[in-house]
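All chains are identified by letter, namely A, B, C and D, in their written order; residue positions are counted from 1 within each chain.
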Amino acid sequence: MSGYGLLSTRGLSLSFGGVVAADAIDFDLQPGERLAVVGQNGAGKTTFINICTGYLKPTSGTVLFDAVDITGHTPRAITRRGVGRSFQLPQVFTEHTVRECLMLAASSVKQKHGFFLPLAQAVDAHEVDATLDLLQLSARAHDLAGSLPEGQRKLLDVAMALVLRPKLMIMDEPTSGVSTDEKHGLMEVLMRALDERQVTSIFVEHDIDIVRRYATRLCAWIAGRIAADGAPEEVLRDPIVVKNVIGE
Amino acid sequence: MRLRLLIAVLAAAVLGLAFTFPWLKTPILLALANGLAVSGVIVLIRAGQVSFGNAMFACLAGYSAAFLARAWHLDALLLIALSCLFAALAGAVIGLFIVRYRGIFFGMLNLALSMVLFSVLGKFGGLTGGTDGLRFDRPTLGFVHLEREPFETALLVLALGLSIIAGWVVQRYFASVSGQALAAIKTNETRLEYLGISAKRVFWGGYVLAATLCGLGGSLFALTQGLVTPEMGYWVRSGELVFIAILGGSGHALGAFIGAFLFEFMKLYTAALLTGAWQLVMGLVLLVMVFVAPTGVFGMIERRLRPGRSA
Amino acid sequence: MKLLKTLTAIAVMTLGSGLAQAQDKPAELKIGITTFISGAASVFGVPAKAAAELLIEEMNAKGGIGGVKVSATYIDEGIGGDKLLSEYRRLVQEQGVRTMLSAISSGNCNIVAPVAEDLKVLNVMWDCGTEKVLEDKRYKYVVRTQANATTEMVATVLYLLKTKPNFSTIAVVNQDYAWGRDSWEIFLNTLKAFKPDVKVVAEMFPKLGASDFSTEISRLQALRPDVILNTSWGGDLDTFVRQASQRGLFTQGATMVLPLAESSLERLGATMPEGVIVGGRGDHYFLHPETKDEPAHKDFVAKFRAKTGAYPIYPTYHMAQALVGLKTGYESAIKANGGKWPSSEQVADAMRKMEFKGYGRTVTMREDGQGLEAQLLGITKRVPQYPFAVMDKMMLVPADLVTTPVGQKSVAWVKTLKADVLKSDRLKSYDFK
Amino acid sequence: MNSSLFALALMDGVSYAALLFLVALGLTLIFGVMRILNIAHGSLYAWGGYFAATLGMGITHFGLSPLLGLPALFVAAIVIGVFLATVLEFALLRRILDKDPILQLLVTFAAFMVLEDLQRMIWGVQPVFVSDVVTQLGTLSVAGVTYTRYQLLVLPAVAVLAFFGLRWFLGRTALGRQVTAVTHHREVATAMGVNTGRVTWLTIAVGGALGALGGALASPTTSFTPGIGAEMMVLSFAVVATGGLGQIGGAALAALMIGLTRSFAVYLMPEVEVLVPYLIMVGVLLVRPEGLFSTAATRRI
């Protein structure tokens, strides 16, 4: 077995009821990679992410980040280690303004949880504004997060993770729920942001064009296992993938 | 800012009334005591949680004040400080496990605990004076012996001061990192965790603050009455606190006090005018508030103050 | 500015009520009456209020007190001790009431007595039983126009020993609050003075307002004590009696002692079995063997029934005593004051040296403010005249035999009681006629 | 404590638990479907009791056959329960489905306060009861202790019937399955063409009737006085929370636990009797934060 990458799993398994959501997954992600994950619903993509970010505990196997065993750590602990995450259903503070959401995120980097220190003073405003710009949210900075359209919610969702300065960014279907013509624009913004911050990334995606365009590596999930792993083009040519994932 | 002005005007009005009509002192004191307790409840509402047992901290503080007063005849200021401290400690301990719960379970567990306290106070009469509660003689205030009238006046001024400070603290807290995180508990705890912030620790902070404020209210209540009874901790009392929060508006600490005053005078005049229909009136008012003005009286005032933005 | 509006509104409302002081004869005599209008104890409070309205109306028709009409304001004791206190203060400080009739609940008496002293208002404790309030502290402004718990409990023990001299075991089921606990303490200490070897087989204190006594009853049936004491009242007593009779506890040979049951007899109707020892916290009963034919009493019973549809019960009689006592006190104070209107202390003082008669025997007031009121007990009996049980084999116990002397503490005093009290020829017995 | 006393405590506990269960069942049922904890449920208990007593008095007053006594209890429960529940549903509950849970709780709290005073205005403050039913059914003696057939047989029987009846209804009948569907996922059920409005109303009516039934069945042995509703409500809360919100089996188990522990407490340590329900609730929730029978559902993200 080769040495560990930035994120690695060994024999990662999880099954609830009869369903096997993760089946002895061995996986390594190298720094700088931009990994796309494809697979049909229920193939275990989100489960894998949930395990890696501590939302679910595996029945067996280990998760390593930076060669440190983080299996079963809380999302909080894992986040603090430098794993950022965005969600299929954007997880934002609907009753806070966009800027407040980001400030709250930023405050947690400094670990200042003052009872009296006003939030605005607890964070470095430039950082926040920079991130807002980066994800093209400046215009909506003072609107309630709950009032944003889906696309911008997705961006805010990512922004809140990005402001934490993660080493790895895991994005669960960043373009789902966004109209096809917006998708590319959205991905452009995201990828530019990730490049600028030099963040290794994993993103779950259904749209093959987007995968072709943005991924440096592709993993195809089938029934809780990685059925194919490699350069996007060859994986997309793999007959099993064609049959079970793209479904042509 | 216009809000500051409003607060100043109200404070002046309160003092004015108290001096013009001495008999109003007791109700005003009670209103301020309630207001303090309710500002605690408002903190919890920030986190989207409502406790049907928060009066237990007022009750605990009240009893500790009574015990201290009877045992060592401490000064009123000391009594307030110590009993608040006690409420805070109780809140810290109970908070340790109660912050794991949300929604109905949070409300019900608080209720259960307050009922345990209520029953224990009633049961062990030897120590707690049973259902009759404990009386204690008027303590010195600032180490000065005062007759009832001056004592009440002094206590009132003190209570008003404390209320303004408490209100300021609460607002400051709401704007703080912890306060903002607390509000985030209401909308998205998962994200909070994924930001590396512990929702439980944040909520614990809020819970302790709430307990302390309720304790402050309770100790003032006890000093005003010179009497504490288990009733102080009965769950309906906690319900009243939540009611006041909704009546006054949970958006701002000032709402707590506006609500408390409306409540106190509603009570006085329902008791006098339509005896026996107190709960009926309270219930109807609550319904009206929920359906017509869920942001409470303060919500209405706020809209007047800044027409632009409606929170 | 909603708050300010409210406040000013109240301000205006209350501007009129200045501080009506004593000395100069007032236009009307304002009195405050605290009574249970809500809560379980309203079974006492509401009839008592009705009696007060009735009697004050009559009194005013006859010229009121010393030519001054009486106007009463009522406070609900049901709102709880602390709220009651602020209402009490409001009445005194806002409306300038200088005379209060308070309270039913012993707890509330303990609360208001010191405050009355502090506010220098005359407080007539009109129904509460706790003996401690006047034994632990000497008051200037506080008096009680009826007996106290000691008188009631000692008399009950005497009656029990008279009717059932030989028993060896007793169990108690009392409400879990001051009255339930204290009355048992006095009862037991008294009983031990006469019967040192009596055995207490169970002490149960279900909570006030308990709705189910099945378990207590099962336990009593398993233990089979000779005597069962229950000093509860209102719904609790009704429930206990009903559940006990449903489950045949009364037919097991135990003597049931219910010192407050006079107030439940009519309500319980056929449910109350015969042969139960009942009392009414004093010597009042609409079939009082000595006064039932007095025109005044007959008239009161008739008027009260007309007003409420029920026979008067002890709290209504206590209310009557308080009002008659107040009238007597004021009028003797006026006399002492050379016809001028007296101050609260003068009245309070006069009320300590007077005798007055409600609808029972004459009540004598002592210098400590405690009234000496005889006690009436009896055994339940079914009679064709009434759809509910009445008292038979009634006994009247003179108060001085069974009341703690001034300056002594009940708990100690009852232990000194001697058996010869039982032989006193002043214990008068009457059968139901 | 010897074995016969043990048996006694057991029987007292069971008959007490039976009533507790009926009330809690109604509460938990309504919660299951509406996700609203109906604080006004306590008033349904009180009104059920008062109304049953009124009917009972009517029976004696008009000299009707005393055999009507027992049926009258059920009639009373159903009439008042369904009536009040319907009023609540149409006037309040259905208008607050989308509101903040805090406001939902407060609305039912308000309804409770209103009903409390109305009840006092209707039935007054004097203790109310009618006990003919119990006397008719007679008594039976166990270990030298007399029990009323009513408490020993009728109450547990009704509770057991309610339990299995409801189980059967929810599991076997079409309508019941619709109710279950709504309980699990309101939107999905609606999408599947279930008439949610009707189902909700039905459940609330049944739940209300159960609450009222608890009161009606208590009325022959208990004096109804103001405040009895609040009392029972806090208790049934403890039961429901302990058992797990919306969990019928849980409610049954919790009611038994509380009922039995309480009656044993009366024999062994009467001082803690009042604390029993709360201590049990706190104890259980410490170990199982969602109550005995329900499991924490992970939020989809």
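The definition used in the following text is that a residue touches a chain if its C-beta (ideal position, glycine included) is under 8 Å from a C-beta of that chain, and two chains touch if they have at least 3 such contacts.
Keep in mind the model is a prediction, meaning the values are calculated, not measured.
Number of steps on the shortest path from subunit A to subunit B, with steps defined by chain touch: 1. For subunit B, the chain whose average C-alpha position is most distant is A.
Between the Cα centres of subunit C and subunit D there is a gap of 37 Å. Centre to centre, using the average C-alpha position, subunit B and subunit D are separated by 33 Å.
Each chain gets a centre from the mean of its Cα atoms; for subunit A and subunit D, those two points are 48 Å apart. Our note on geometry: subunit A versus subunit C, Cα centroid distance of 76 Å, whole angstroms. Shown for subunit C are the residues that touch two or more other chains, namely 37-38, 176, 207.
The set of subunit A residues that touch two or more partner chains comprises 55, 91.
Multi-chain contact residues of subunit B (touching two or more other chains) are listed as 119, 122-123, 190, 276, 278.
Contacts from subunit C toward subunit B in the complex involve residues 1-4, 6-7, 10-11, 14, 37-38, 74-76, 79-83, 85-87, 89-90, 93-94, 106-107, 110-111, 114-115, 118-119, 176-178, 181, 207-208. Across the interface of their complex, subunit B is touched by residues 53, 55, 74-76, 79-80, 85, 91-96, 100, 103-105, 107-109, 112-120, 122, 146, 160-161, 164 of subunit A. Interface residues of subunit C, counted against subunit D in their complex, comprise 37-40, 42-43, 46, 176, 203-207, 209, 211-212, 214-216, 218-219, 221-222, 234-236, 238-239, 242-243, 246-249, 267, 271.
For subunit B in complex with subunit C, the touching residues are 9-10, 13-14, 17, 20-24, 26-27, 30, 119, 122-123, 125, 130-133, 135, 148, 221, 225-229, 231-232, 258, 261-262, 265, 267-269, 271, 275-276, 278, 297, 300-301. Contact residues of subunit D toward subunit B in the complex are 37, 92, 95-96, 99-103, 105-107, 109-114, 116-118, 120-121, 230, 234, 237-238, 241, 245, 271, 274-275, 278-279, 281-282, 285-286, 289-290, 299, 301.
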